[in-house]
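After this come two complexes, each holding chain A, first together with chain B and then together with chain C.
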Partner chain A sequence: MHGVRRARQTQEALEAKRLKDQSKLHDYLALSDDVLARKKQKDWSREALRSTTQLLQINPEFYTVWNYRRHILVNGIFPESTPEQIKDLLKDDLSLTMAALKIHPKVYWIWTHRGWCLNNVPSGPGVDGEGDLRGWEKELWNQELFVVEKLLDADPRNFHAWSYRRVVLDSLPVPKPETSELAYTTRKIESNFSNFSAWHQRSKVLSSLWSTGRLDQTKSKEEEFDLVQNAMYTDPRDQSVWIYHRWLIGSGDNKEILDREIAVIQSLLEEETDSKWCMESLVHYKRLLLHNHAALVDKSALTRNCIHLLEQLREVDPGRRARYDEIELEITRL
Partner chain B sequence: MDDEGAFDVIVIGTGLTESITAAALAKAGFKVAHLDENVYYGGDEASLSLDEYIDWATQPRTSTQISSFSSLSPSDTLPNSRQYSISLSPSVIPATGPLISSLVASGVSRYGGFRLVEHVAVYSSDHKVETVPGSKEDIFKDKTISLLDKRRLMRFLVFASEDEEFEGRVELEGTNVDMPFLEFLKATFSLNQEIAETITYALSYCTSPTDKTLPALHRLRRYLRSIGRYGHSPFLVGHYGSSGEIAQGFCRTAAVAGAVYILGKPISSITRNRNSEKAQSTPTYTLTLADFPEPITCHLLISSESRLPVELIRNIDAIQRIPSAFPFADEDKPIKIARGVCIIDQALTLTPTQDSLIFGEADLENSITESSPALDTGIVVFPPFSVPAGFAPSAVTVLVVGEGSFSVPKGKWIIYISTPIPSFSPDSNHDSDPVVSPETLLKPYLETTLSFSSTSSVKPLIPLFTSFYLQSTSPAPRAASVTASAVPTDLSASHEVSNSIDPPSPSILLMPLPEILPLPDSGDASALNAEAVFWEAIKALNGFKDTKKQEASQEQDAPPVREEDRLSIESFWPPVVSEEDDEDEL
Partner chain C sequence: MSHETNTLLIPLHVSYIENLGKNKNDLIYHLTAHLRMNAIYWGLTALCTMNHREALDRDEMIDYVMSCWDEETGGFGAHPDHDAHILSTLSAIQILVTQDAIGRLDIDRVVKFILSLQQPSGVFAGDSFGEIDTRFSYIAVNALSLLGRLGDLNVEKTVSYIVQCRNFDGGFGSRIGAESHAGQVFVCCAALTILDRLDEIDTPTLSWWLAERQLPNGGLNGRPEKLEDVCYSFWVLASLSMLKKVHYIDSDKLISFILSAQDPEGGGIADRPGDMPDVFHTHFGMAGLSLLGYPGLVDIDPVYCMPAALIENLGLRKGWQSLERRMR
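Right after this comes the complex of A and B.
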């Protein structure tokens, strides 16, 4: 988890732990051997299912066993069960994975198993034209959204959770409006804007809203610039803010916006004279001016300005001096 | 002979500092008697029910407070007197600091609950109440601060919260650190007047435009470090009236550790016992109490100066005055503070309608209707000269507590309002009546506060109860009702008996003088002062045991004295046997 320190332990504590681990290891290996043996024999019984439960609770990263578990369900247990029983079994597995996620929120195989469960929910509870055929699906997917929200409250920078959130939003039988997702990213950004995933999600949602015409792109972009400028001035060192800004500028077709943003960043640089991000962004945007609007700008002045910025960049960010050298070459070659 | 009335130490007064000291000494193994002439705990920091408060306000006081009372509505229009816990010295507790540490380490925190102060606001120069931004997130979202000001404010807050010593920092180079904090903020960090005032009065809790830079920076850093420990706000308020309840909690802990409590029995006499030629081990003082059968004795007396007869203090040279352990104690502090208590039955709001930073966000589904949320517990600071009708030279601080603090019934709030009277003011003269009554001084600010009503109704908010008083830290001359016995004039003779080269241990420890401190500081000051007194008490009490030992070794037929009799105390509170995760729990 972000921001949680490792606990340091004394020699005695380490030794005691080692001994405890020895016996746990012994039991684990016995269990693991048993499960793998059953798998080899294609044991699809309920007893086998219970063994996998036990094993996965200790080690949820053992993806072979998750696979085996799915085989047991599909080949052994589902054929003997009614749709309702299948739904309940899948619900149990959702509980199992939920418990596992609380302890291991970043293990891929737990997430994939959850997805598999949700994708295998049978139609119901209605039957053939009567009642809601997607009722169970809706219930479980909505719960999913709730689950992922809780996980993101606990660690808003867990990219697994964000990625899964996109899967859930796509799979909801009754889709949620994208404007509400926009509001969700707003909340996350406002509570801590040092969150690349939240900005990223925002960019995806906005792109979709703009392309479908649900939000006026021009007006919306202005609001985004306002938002990102506030973040920039509050903490010029936050990388995700600058990356989002760069996405907003895009190819730099709009000269008015480009000029304005350059001025804003220039003011910030006057306050924070050693801000690497200010300098670097200014160079990038001025290059866009040179590239896209050559006829309208004072080329030599701009170029001189960029070179001066690159000089300063070499001082504040000496680890990347070769890159700045290269940029200088490219500019002067134009 | 085990004498039930014989104690190692007697502590007089159950204010917070005295109560922490008593608890620590009792837990360290000493026999403690703790006295208070009132029938309640907490002394000048007590939390009283409404009826008790009215009694307190209308009785003539011989304590350090002078009461001036007004617009007291008859208490029969306010039922449920016992559901009110009105603090005589309201304060808030920083989430990180000596008081919290003592509360946790002593186990007292388990006796009660705490409420986070949910909101701090400042009354701005354009007559609006505005949220005080205290964190990066607050600053980011605040629509009233310009981009450039956001940058400068952030830069200042980062500077203020770093660990490095302030004195050596580059930002302080060349500045006179005695410069007023307000000027320092404007000059060194290019902050505008409004933001500088917000930082000075509502983040650092300075009370005067002349308050100096270094103390303000130290305070600010302590508060910034308290953000995030238990929530977004750095401050807590104890349930059931905070100050008095916490003092009582420490007394309870002391009692569990064996301390004896005697309340409501004023001291009739304090006698210093003549030491016979040999027996230094007889107790040093005998106290008789009104309506109390037997006298009690002790080796060590701990008390504030104002509770001891003047004669006792003047004539004895075994007195030790403990200096304040709170940093910057010698600063030009005010010695009086005007206070007001007001009870209302309508909620206030300190936040304007909540807007997201993004305008026009078309999200009706997820939007939370946050128009004028009702406040439960919050602080409003009025910088000097911010209210046109007001003329207080210092900042006025308002603390609002609602039912979440368990000190009022449902649907009621207490507004505590206060402003210190600066030492240059003519009213800070000890003995004369104030030129300006506390009511006149505070009323304009109270009225402004009442205008922050959350209901949009036209009906003005009328308080159900108001009371104003003046609290003074200058010791009132002690009434002569307590007699000190004829003190032996041949003290030097009795000292020679012990043959020891060491100077005699002090037998009276005078608590550090009480101070008028910013809202979040009095609890921490009490905890630090209690610890200082505790260590001096240990030294003094061990001194007595040493003399006892020496004495005994001089007598052939005395039982051998064991080394273990000299208690070795290593820490202020005994180590708690607990799981690791107990540490941060409240």
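Right after this comes the complex of A and C.
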């Protein structure tokens, strides 16, 4: 259980609650026993389906009952139904899971059932009835994108929703171009720079666009550095941006970019003199200079500068001093 | 900070765990039946960590585990008549190994069940309905190694999927494309450790990402800009332990944080100070304290999250690092 405050309750209050729960408990156990008994007897009837609906509305974490529900649909009800009826039954389950997700947005079993529904949509006409065999799939997968967006608006860090979003994007009968997903991450980042989930998604989309040549990597990276610089200056304490920046720099084989970014961060440090992230990044990037461009730099000056930064880091971030000690050892060993 | 919560209240936590199974008149007890097998593993291991395993009856526990055997599939469910799932199957195996009762198991059938869940991509599903997650990859590797059947595993396929889950921050996600999360980092590090493939980890970057999980209040979070939570005291710490970078975080502050999340009245540990305790956080908080060298606790193996001596006797101990056990 997460995030439930401890409440000091009187004995009377506890007893009253226990009594109130007794009838709930009695009903719940009766329902649960009934459903599990039907399951044992392989009852695939509509009545059984209704019992599972009731039980899952009370307890959507009862994974065995989601399993049973799927067995009822596949073994009992679908075989007697037309494709259109199957589609409608699945839409009912989409409503059921939607209602459950509004209260329990992080329960794996609910997301899994939703995905199962989508994967079982039969071939058939869509809204326009134009005879497109993937019409229903298109309608429902497009709707999923909308559903996931709503859930990510409510909680932009919900990793279940982000994972599901990636599944939806992969499954759309008419794929959306990756550049449109890039634009989605831009929207999420611009609404809150502190959304690491969006930066992460962006890193995946860009990697794909670069490796397939659909976006020119050099030009695109420059745009990323601009975006990141803006975010850094807006809130230098947010680690998402710094972690993303480190990825953009990569192995540090481009000295021009390395020098430029070091200068940018150096300026920021002059304004934000306690910024642990500026100091940490400068040490890392200067080490990359020492490692990759030794012949072109003043090694001893850079090393002294790193050591000075590490001293400051030990002061502003004493909890992590052992790591700074280790880095200093590594630098001076060279 | 209350004086009561700056030491570990072992007797209180032992009785907290002892009393967990006695709540059969509580609605919440029944609403969590789908977690029961896991909860017993958490409770048992927490007791072992406190050196009080005798507080729960061994025979009753073993009988319970065996009553959850799903004869049709060859795995264990969370509760009698619940379907087999890889999550409850691992907990069942861990309980039987800890209780030295592995002889009760039809090992061939369980191995067959586990191996049947591997997908063409190399990841494992949780059950026949196909939910995939690197947690399940870890579970498969862990379970097979406890059963001495790692040789039956397609290691290359298993490792290859995990490697594809590696992200720009050095961390790992639940599936290919997913964001790094400390829980997923733990399972991927542990699976790679068991398979002797730590070379696939970008240790400098990942140990940095892990170190940055510590917040000013001393607690650890699971991802950038999220709240601290006692369970990350294990997921993050165990990962650092496998990478031999436990010293990257402030152990005194983390110990204080975990201790402050104790319930000094009823016992148990919560996700954060002032919240309701539960056996999940009690177990992981305790395991974290053990890795941090808290006095009076038993050594826990971070890879398996089981007593270290037991894992060592099975010949499964890997080269991880924990802090020296303090003397009071």
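To be clear about the criterion, the second predicted complex is superposed on the first by the 307 of 334 C-alpha atoms of A that agree within 3 Å, B and C clash if a C-alpha of one lies under 4 Å from a C-alpha of the other, contacts with A are read in each partner's own complex, and residues count from 1 in each chain.
Note that a contact is a pair of C-beta atoms (placed from the backbone, for glycine too) under 8 Å apart; a residue touches a chain by one contact, two chains touch by 3 or more.
As the structure is a prediction and not an experimental result, all values here were calculated from the model.
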Fit or clash - chain C, chain B, common chain A: fit
First (chain B), second (chain C), both or neither touched by A:44: neither
Chain A as apex of chain B and chain C, Cα-centre angle in degrees (nearest 10): 120
Touching partner for A:285 - first (chain B), second (chain C), both, neither: neither
Chain B versus chain C as contact partner of A:183, first or second or both or neither: first
Which of chain B and chain C A:78 touches, first, second, both or neither: neither
First (chain B), second (chain C), both or neither touched by A:164: neither
Touching partner for A:268 - first (chain B), second (chain C), both, neither: first
Partner chain in contact with A:32 - chain B first, chain C second, else both or neither: second
Partner chain(s) touched by A:136 [first = chain B, second = chain C, both, neither]: neither
Chain A: partner with more touched residues, chain B or chain C: C
Minimum C-alpha separation between chain B and chain C after superposing on chain A, in Å: 16
Touch list for chain A against partner chain B, complex: 177, 179-180, 182-184, 186, 190-193, 215, 219, 223, 226-227, 229-231, 233-236, 264, 267-268, 271-272
In the complex with chain C, residue positions of chain A that touch it: 1-6, 18, 21-22, 24-25, 28-29, 32, 36, 39-40, 59, 61-64, 67, 70, 108, 112, 116, 157, 159, 162-163, 166, 194, 196-197, 200-201, 203-204, 238-240, 243-244, 246-247, 318-320, 322-323
List of chain C residues in touch with chain A within their complex: 25-27, 30-35, 77-78, 81-83, 85, 127, 129, 131, 167-169, 173-175, 177-181, 205, 207-209, 211-212, 214, 218, 223-226, 229, 245, 247-250, 253, 263, 270-271, 274-278, 280
Residue ranges of chain B in contact with chain A within the complex: 136-137, 139-141, 147-148, 150-152, 154-155, 356-363, 365-367
